[in-house]
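Heads up, the next two complexes both have subunit A, just with different partners, subunit B and then subunit C.
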Partner chain A sequence: MTQTTVLLLGAVGVLGVGLYGLLRLRNLIQIIVALQILAKAAVLALVVAGKASGHVNLGQSLAVTVIVADTVIAVVGLALAVQVRRRLGTLDVKALATLRG
Partner chain B sequence: MDALQKLMFNFFPLLFLFPLAGLLLNVANGRFWHKPIAGIIASSAAGLSFVVAILQWVALLRQPDGTVIILGTWLQVGTLNVPFAFQVDTLSVTMMLVVTGIGTLIHLYAIGYMYGDPGVTRFFVYLNLFLVAMLLLVSAANYPLLFVGWEGVGLCSYLLIGFWFDRGEGGTGNANAGRKAFVVNRVGDLGLILAMGLLFWQLGTLTFDDVFAQATAVFPVGSPLIVAITLLLLLGAAGKSAQIPLFIWLPDAMAGPTPVSALIHAATMVTAGIYLIARSHVLFALAPVSQTAVSLIGASTALLAATIATAQFDIKRVLAYSTISQLGFMVAAIGMGAYVAGIFHLITHAFFKALLFLAAGSVIHGLEHGGHSDPVTLQDMGQMGGLRQRMPITFAVYLVGALALAGIPPLAGFFSKDEILAAAWQANRAVYIMLTLAAFATAFYMGRQVWLVFMGEARSETAVSAHESPPIMTIPLLILAALAIVGGGLNLPGVHTLGHWLGHTLGHGELLSFNATVALTATLLALLAVGLAYWLYGRHPLGAAATDPLTQRLGPLFVLFNQGWWVNEMVEWGIKRPFCHLSTVLAHSDEAIFAWAERQLVHTVQRGTAVLRRTQTGQLNWNVAGIIVGLLLIWLLLRFS
Partner chain C sequence: MALAVGLMTTAVFCGLQAMRAKRLLTAALWLAAVSASVAIALYQLGAPDVAVVELSVGAGLVTILFVFAITIAGDEAMDAPPIMPKWASWLLVLLAVGVVGSAIQATPTSSAAAAEASFTAVFWQERGLDILIQIGLIFAGVLGVLNLLTEEDTPTPSPKDKVP
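Up next is the complex of A and B:
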């Protein structure tokens, strides 16, 4: 088992944690945290792939870009969460569903 | 073509542009103006158009072979090329002069007749629109453009019959009359469209000159195709010119204002069918069977309608059946190849029938202003009588028109009718006998009408209080009366001015020589018929409650004539009712089959969506699960495909 494989398996693990969070969590802030974990799995995978393929610079710069974009997403998401809390008085996503099947 | 002639042909588009400008002015500004201005604008437009028509006539005098004026491309699809092309030749210019000349007089008359009507602006807009369409019809140089005019006049006819759409039987009578005219005309139009299709299929062109040049080469005389084409054209002509079996719309069309009856349903539009056949004379010459059919239909229409006219009581219905009958004369004439006689009668008929209608309008107008407004009693000849002292001008011109129509020499009708009878004498004795009988009936019903309306004593209070119409109405009447007197001079026997003139377009055939026997017979019969009318209605003027003496003399025949041979009922029971029943059945089967299937489809879809709808919960977690499953599926697909 090479280093790359181990690191990639770690990335998949982090991905799994993020997805599990998205599926199970109901608090909006928790969901945003889960999204962040999901994104960090991608960052990890990029860095590992960059090293393994020899394009270290490319992998790391892409990782930094993802971190920046991800931060923006987190900011917007949190701002939305604040608004949701103010207007609806709750952060439970079940309560946000207005579509009735 | 010399320069001056060219210059005059350059004015041709103005023929349409004047009425078009008139109607646009009235449409745009009609509601701001004092009402009579609409009539003055429309009349000036018609008058200027007449001046343009005269210019075209003068231009043709210099070189009578005519020309084709192309103003642009209209349709160019594949091999079909239909330009905005106009035929200026002796036939079309003759029609233009009749349409704009009579049209101008009727416009002027209508200013007086429609004075005070709230819809007068709309009336004159329609009237100008009619002029545009009619001029398009008579000057088009190809069948599709002619068809545009053909439909245009049909539309105007519909609009004007239903002009007082809130009047008539049950408040919708007039509107229904307009619809009837429109629908019956569609039957004829079908014939015209199919004829055009066959012509294009066989010849690849629809331009008059090309069609006529190629037809003689392509179709052998009497070949089934040319017979079919000409019979279809005849169907079209029968619809527009009110021939058997499509004449039933014309009597109902009298619901329109009287100037409309005079212009559209007597002088111009209804002659479009005659014009169509005369224009297509090259095609008819190739199909002797169709020619015989044309003359037989014309002659039987002439006789049938003349008998119906003898037993009508509505002053305008008499004239309507008389118009059908006279159109029958024209159709019979052109069916026998006597095109000049047919067109000659078309012109003189336009003079005296427009005169009669306008004079009848003057009578109605005079009665109406006596304080009564029920149109049924206003037009009932049984309620009239003794109008000669109260309406002297109207009486005088009516007498002129009636004598001209009856064919008393030397008035216009005598010459034109005599030419048709002389042609029939040579061509077909059966047609001759039918036409002579029709002429006899014509003289009789006109005599009956004159005595019932103008002679004797007033038979109702309305008739007592009648008064003469204003000069704006009587002056056009006097002009038309003058034309009805001298109109025969257009084509005197032996001189044949019109014959030579139209010969440039219709071919210089054998000019009919004057047939003294035929002329004498016709005149004597006409005098006899007038005498008979005097004997029945003149000797002992009818009292206020007296029944028509004809009722006893003719017995059941009178009922037959009065009811118009029940042709209307035959169409009602033979065609309209079965058609309505068929429609009902089809509507129900549509409901039972297709609408049912449609509803089943809707239910199935709704049931399916009811299941799918449950998956749309709006829950974030559920959506994420959906995304993950979707991604997995895509991955699997890419992995194992």
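Up next is the complex of A and C:
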């Protein structure tokens, strides 16, 4: 088993952990944490795939783009969570069902 | 090899702890540990540029943002039962992991390193569209931070809105 295989398996494991959190958690901020873990798996998988295919710099370039997108997702998600907490008094995702446009 | 195994085990363990943590602040700190493990793994892979970005942004900036948001929103513990049953969650996770794993296994790999431009050339010249998208994303992030910082009062209905 090579280093690339181990890191790919690790990326799949981290992906599974993030997906499990996304499905099980109800707290909005914890859901954003789960999304962040999913993005870490994507970053790792991109660089490992770049290394495996002999284009490590292309993988790095794509990974930087994913990191920027991931950070913006966190910022916008946290801003939404704070606004939901202010308006509804809870971070429970089920409380969003009471929102009206 | 042993270092890669250790790093990946650490990343998965810290991720699980982040999911199991009762307090939000603890979950944010476990997330930072996942980021640090992934950053070291990226450095070991020969990708130091992205490792530095991951460590500074993923483990630094994002953790600060989480702490800031938790300070505003409150570190409330939530004991409510999950929406999805445990067996269904595990089934979906195993399905997704299986699909991704089989896709990885089917992907051809080349051991020979192809002739490739430097990271700077790839990032700034060949991926120009990505740069433009990142500028747009950063603009959205700035708006998000402004929203996070805004102290907005809950709107109260005006007397005109009242139905006689």
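Quick note on the criterion: the second predicted complex is superposed on the first by the 97 of 101 C-alpha atoms of A that agree within 3 Å, B and C clash if a C-alpha of one lies under 4 Å from a C-alpha of the other, contacts with A are read in each partner's own complex, and residues count from 1 in each chain.
In this text, a residue touches a chain if its C-beta (ideal position, glycine included) is under 8 Å from a C-beta of that chain, and two chains touch if they have at least 3 such contacts.
These figures come from a predicted structure and were not determined experimentally.
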Residues of subunit A touched, compared between subunit B and subunit C (which is higher): C
Which superposed partner A:97 touches (first subunit B, second subunit C, both, neither): first
Touched partner set for A:24, first subunit B, second subunit C, both or neither: both
Partner chain(s) touched by A:75 [first = subunit B, second = subunit C, both, neither]: second
Touching partner for A:16 - first (subunit B), second (subunit C), both, neither: second
Intersection of the subunit A residues that touch subunit B with those that touch subunit C: 19, 23-26, 93-94
Subunit C residues within the subunit A interface of the complex: 1, 4-5, 7-9, 11-12, 15-16, 18-19, 24, 27-28, 31, 34-35, 38, 41-42, 44-47, 49-50, 53-54, 57-58, 61-62, 65-66, 69-70, 72-74, 76, 78, 80, 82-84, 86, 88-90, 92-94, 96-97, 100-101, 104, 107, 109-110, 112-114, 116-119, 121-123, 126-127, 130, 133-134, 137-138, 140-141, 143-145, 147-148, 152, 154
For the subunit A and subunit C complex, residues of the former touching the latter: 1-4, 6-21, 23-27, 29-30, 32-34, 36-37, 40, 43-44, 47-65, 67-72, 74-76, 78-79, 81-83, 85-87, 90-94
For the subunit B and subunit A complex, residues of the former touching the latter: 613-621, 624-625, 628
Subunit A residues within the subunit B interface of the complex: 19, 22-26, 31, 93-94, 96-101
